[in-house]
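Labels run A, B, C and D following the written order; every chain starts at residue 1.
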Amino acid sequence: MAKETLSINETRDMMIAVANKIIEAEPILTDADRALGDGDHGVGMERGMNAVKEALEGEEFPSVGKVFMAVGMAMMSSMGGASGAVFGTLFRSGGKAIKDAETLGAAEIVTFYKEGTEGVMSRGGAKPGDKTMVDALLPAAEAGEKAGAATVSEATAAIAEGAEAGKEASKDMIATMGRAKTLGEKSLGKADAGAVSVSIIAATMRDFAAA
Amino acid sequence: MAKETLSINETRDMMIAVANKIIEAEPILTDADRALGDGDHGVGMERGMNAVKEALEGEEFPSVGKVFMAVGMAMMSSMGGASGAVFGTLFRSGGKAIKDAETLGAAEIVTFYKEGTEGVMSRGGAKPGDKTMVDALLPAAEAGEKAGAATVSEATAAIAEGAEAGKEASKDMIATMGRAKTLGEKSLGKADAGAVSVSIIAATMRDFAAA
Amino acid sequence: MKKLINDPLNVADELLDGLVDAYNGDCKSVGKRSIVKTDIPDGKVALLVGGGSGHEPIYHGLVGRNLADGAACGDIFAAPPPNIVFEATEAVDRGKGVLYLYGNYAGDVLNFDLGAELSDDEDIDVRTVLIWDDVCSAPPTEKDKRRGIAGLVPVVKLVGAASQTAATLDELEAAAKKAVLMTRSVGVSMSPGSIPATGKPTFELDEALIGLGMGIHGEPGVAEIPMTTADELTEKMLELIFEDFEKDEEVDALAEGDEILLFVNSLGATTMMELLIALRKAKAILTERGIKIYDVIVGPLVTCQEMSGISFSFTKMDDELKGYWDMPCQSNCYSKMEGRNGG
Amino acid sequence: MKKLINDPLNVADELLDGLVDAYNGDCKSVGKRSIVKTDIPDGKVALLVGGGSGHEPIYHGLVGRNLADGAACGDIFAAPPPNIVFEATEAVDRGKGVLYLYGNYAGDVLNFDLGAELSDDEDIDVRTVLIWDDVCSAPPTEKDKRRGIAGLVPVVKLVGAASQTAATLDELEAAAKKAVLMTRSVGVSMSPGSIPATGKPTFELDEALIGLGMGIHGEPGVAEIPMTTADELTEKMLELIFEDFEKDEEVDALAEGDEILLFVNSLGATTMMELLIALRKAKAILTERGIKIYDVIVGPLVTCQEMSGISFSFTKMDDELKGYWDMPCQSNCYSKMEGRNGG
């Protein structure tokens, strides 16, 4: 049954579901980073998401924003690497923007993605087209805004669609940031590892909100 | 046409033929030493035999014994390893025992093998059954003595047969000397690398004397 | 690939414990995953290095006598998180500020910068100098995009020595900038290492090819060339370093009479035998150009597990750098007596 | 296996040239294939090491300041021929005699003995001490049959220091015998190296097995055991060393309060990461037994090309050996500042 809003505890459970999905996807993320980077994105995200589960499971939070901020803190302080900083920033900046919200509705999740994306871009300096997770994140945030959805399930559906399209589009881009294997052509045809992570995160949120 | 004796120059040419055969057999010797030792016997013998050719080709010698001594010196000073010392000693000690001989007849080649073998055994301390080249060399020397041959071609034939039999018998022995891989059973079923070299040397002498 | 480990997800922590044990009292572990010297004197300008694990003996093996005061250690191939950087910073600070000196990788910059922000919150003065010696990773006009590879060993050795006498953070920063500017490297890879947690190779490379200019994680360089001899490859690699000194407007071209520190590094499985054979050719090329070798470092110091490959690093020396070089040092990564070989 | 070489039959000569270049003036090449220090003082009792090539940085990399005066170098995995041993002997002799100190292998003994005979012809006083630290190669009652493996590094370091002050060849021989007696090693191999001239692996070993006690050329040890964790293997290996000290009537068992030098060696491809993880466990085991670590050596110092494997060596220390250890030294193989870690 599609949800209008999520409570604080539901938001927490949604993030636990996200963590489980990412942990499950470790081999996919590993392969993506082996093709274009140094091959550690899968284990890095797994490490981060285990820390996330530890920070969330059985805990109570004062707001939905604080749930996301705890996620960001857990990732940032356990993962390291480029993705520890950028995914940590995504959840910290996005969460901070809705830190007083007691429910997660369409407006809140849209704000989360918008501010999270801005945080990531100003922290990491990646621009659209650089073949980073920004290429999945920015279309996701924009799709969320454009959808003008009334419910969290509609909003997360639009966001997930934007993330998926962005991840697919990253296949045609040439990597330039991070430990990506920078030599032009080689990176064509494959999606950026971080963008794959973003698409899995967004899809899991959609499925959770739709259920 | 089987030869009664070999001249000094024929003896020299016989040793050049031996050198060429051993160089040709490098892969066989390598494999034998890889199975039971450190895998360098083939390259070591090749190195030694190239030095032998350099020392013999186009040179004149005062006696057949001096030909063998030059072979021994070339091997000993170019090869290193256990086999540089033992094969060097074989040719130096054997050659020294016939250092005034101007032809190589049955008596001389028998003396060469007998004294050469004694030199090797007292230098290296290996006893029959230790799975070394001594296990081909000693039967070769003994077969030479026992044959009581009248011609060098008959004597080398008997010696080669002894060497071949000794090499075959070494398959059933357990290696204990040198860089042989000492752990018992593992060395069973395979001939000792140095014994293979001895059998090739003896067979090439036989073929040269028979031609 | 048989790896001698316990829990594959725990290798970074366990190797750091082992490293502290190897220092046998000279260093201790601090916070979540940092190593710092036990005897940093009051009033010393501190030097902090760091980066991902899996490249041992760097980065954390560069902590030691007359070397770095501490290192913030990440997981395998991952920059250390900001909290670890902060913990290391706090532990090495003696009131005179801390210089961060590390290789230019996006992840490291992001995390060290975040760590610097946390340190700033606690009023610790932090300055950053990035190491970017890999000339194949960007043209001389975009040195800020270059990766840091093996050159970090001579750089940290020199700056570690400088930090023993530097009166201020400014002074140490200036020495570090000079050491970085004077250090240029070219690397190649012949086969990948593996990721301990997955057992998978870090990249794929055709059996007949060498990645010329490839980075230490397998980042591509300037070309993939057919496997060749040690002499030919050495010639090609050194040519790229000479060219870089020529093209870069911030430094003079290497000329007759110049003196350099020469570092020949193995990425792991490439043997000392191969390094020495290549070193022999490098020496011949340098001699022909009239360039003197002030001293030599050679060994597997900047590795990527059992990756095979080699790199050359040149550091152009002047009197100041020679003074730093001649100091003895001791660490897990590199040790030397006072003076230099040949001197 | 991509090897960075030129002529595969010429690697031993080329690597020695490179080694001389690496010493940058501190050492020179002598005769057919020896390396000797350039500044051996008159009247010094000389120390000569040597052995086959392909195990770099040993044996010839052990020549250096406060270390060996020279090394006679053989071809890959082959003892140096007698003439090379003799040339090296002549070059290091300063009238006080020469101590030969090398690993106990039939080929080395045969050739060094022949070299000693040539030296005796020239009235050079030569004495031989064999290194036989590999406890898995023969029981304590037949130590003369044991191989020399990684233990030669601490032994040569100690004896090199002793040779700086030894007044007579007798004195140096006694110090060497003590260092050898007190040094015991256990090694394992996980995968073979390769022979540069043929490209072939040095031996075969099942993918799931470890050769416990295997020698550095792949000589079998005490058992082939299933691949296991670093901690379990370390426990097994150390147990064999403790046992040997117990069983050997020529030394005391290791007891609480004893101090040892701990050396953790890689045979080539095994990474510093793995060494440190194993070192961590070794330290825990030693601590539990109340045995103190005087100092630590760790690295790929006794290798067999890109062979993978690890060894532990203990040297039981007393005041005399500590004095030798604390001297600084510098070489291609091992360098240290004065003193020790933790001291």
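Heads up, the rule we're going with is that a residue touches a chain if its C-beta (ideal position, glycine included) is under 8 Å from a C-beta of that chain, and two chains touch if they have at least 3 such contacts.
The shown structure was predicted, so the numbers you read here are calculated from the model rather than taken from an experiment.
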item: Other chains in touch with both chain A and chain D; value: C
item: Centroid comparison with chain C (C-alpha atoms), farthest chain; value: B
item: Geometric centre distance via CA averages, chain C-chain B, whole Å; value: 54
item: Chain B-chain D separation of Cα centroids, rounded to whole Å; value: 33
item: Chain A-chain B separation of Cα centroids, rounded to whole Å; value: 74
item: Contacts with two or more other chains, residues of chain A listed in rising order; value: none
item: Chain-level touch network, classified as line, ring, star, complete or other; value: line
item: Touching pairs - complete list by chain label; value: A-C, B-D, C-D
item: Residues of chain C touching chain A in the complex; value: 9, 52, 74-84, 105-107, 110-111, 114, 137, 195, 197-198, 200-203, 215, 217-221
item: Complex contacts: residues of chain A adjacent to chain C; value: 27, 30, 34, 37-40, 42-44, 47, 76-86, 123-124, 177-183, 186
item: Contacting residues of chain D [partner chain C, same complex]; value: 2-6, 11, 14-19, 21-26, 53-54, 56-57, 61, 65, 190-191, 196, 207, 210, 227, 229-231, 233, 268-280, 283, 293, 295-296, 298-300, 303, 305-306, 308, 310, 328-330, 332, 335-338, 340-343
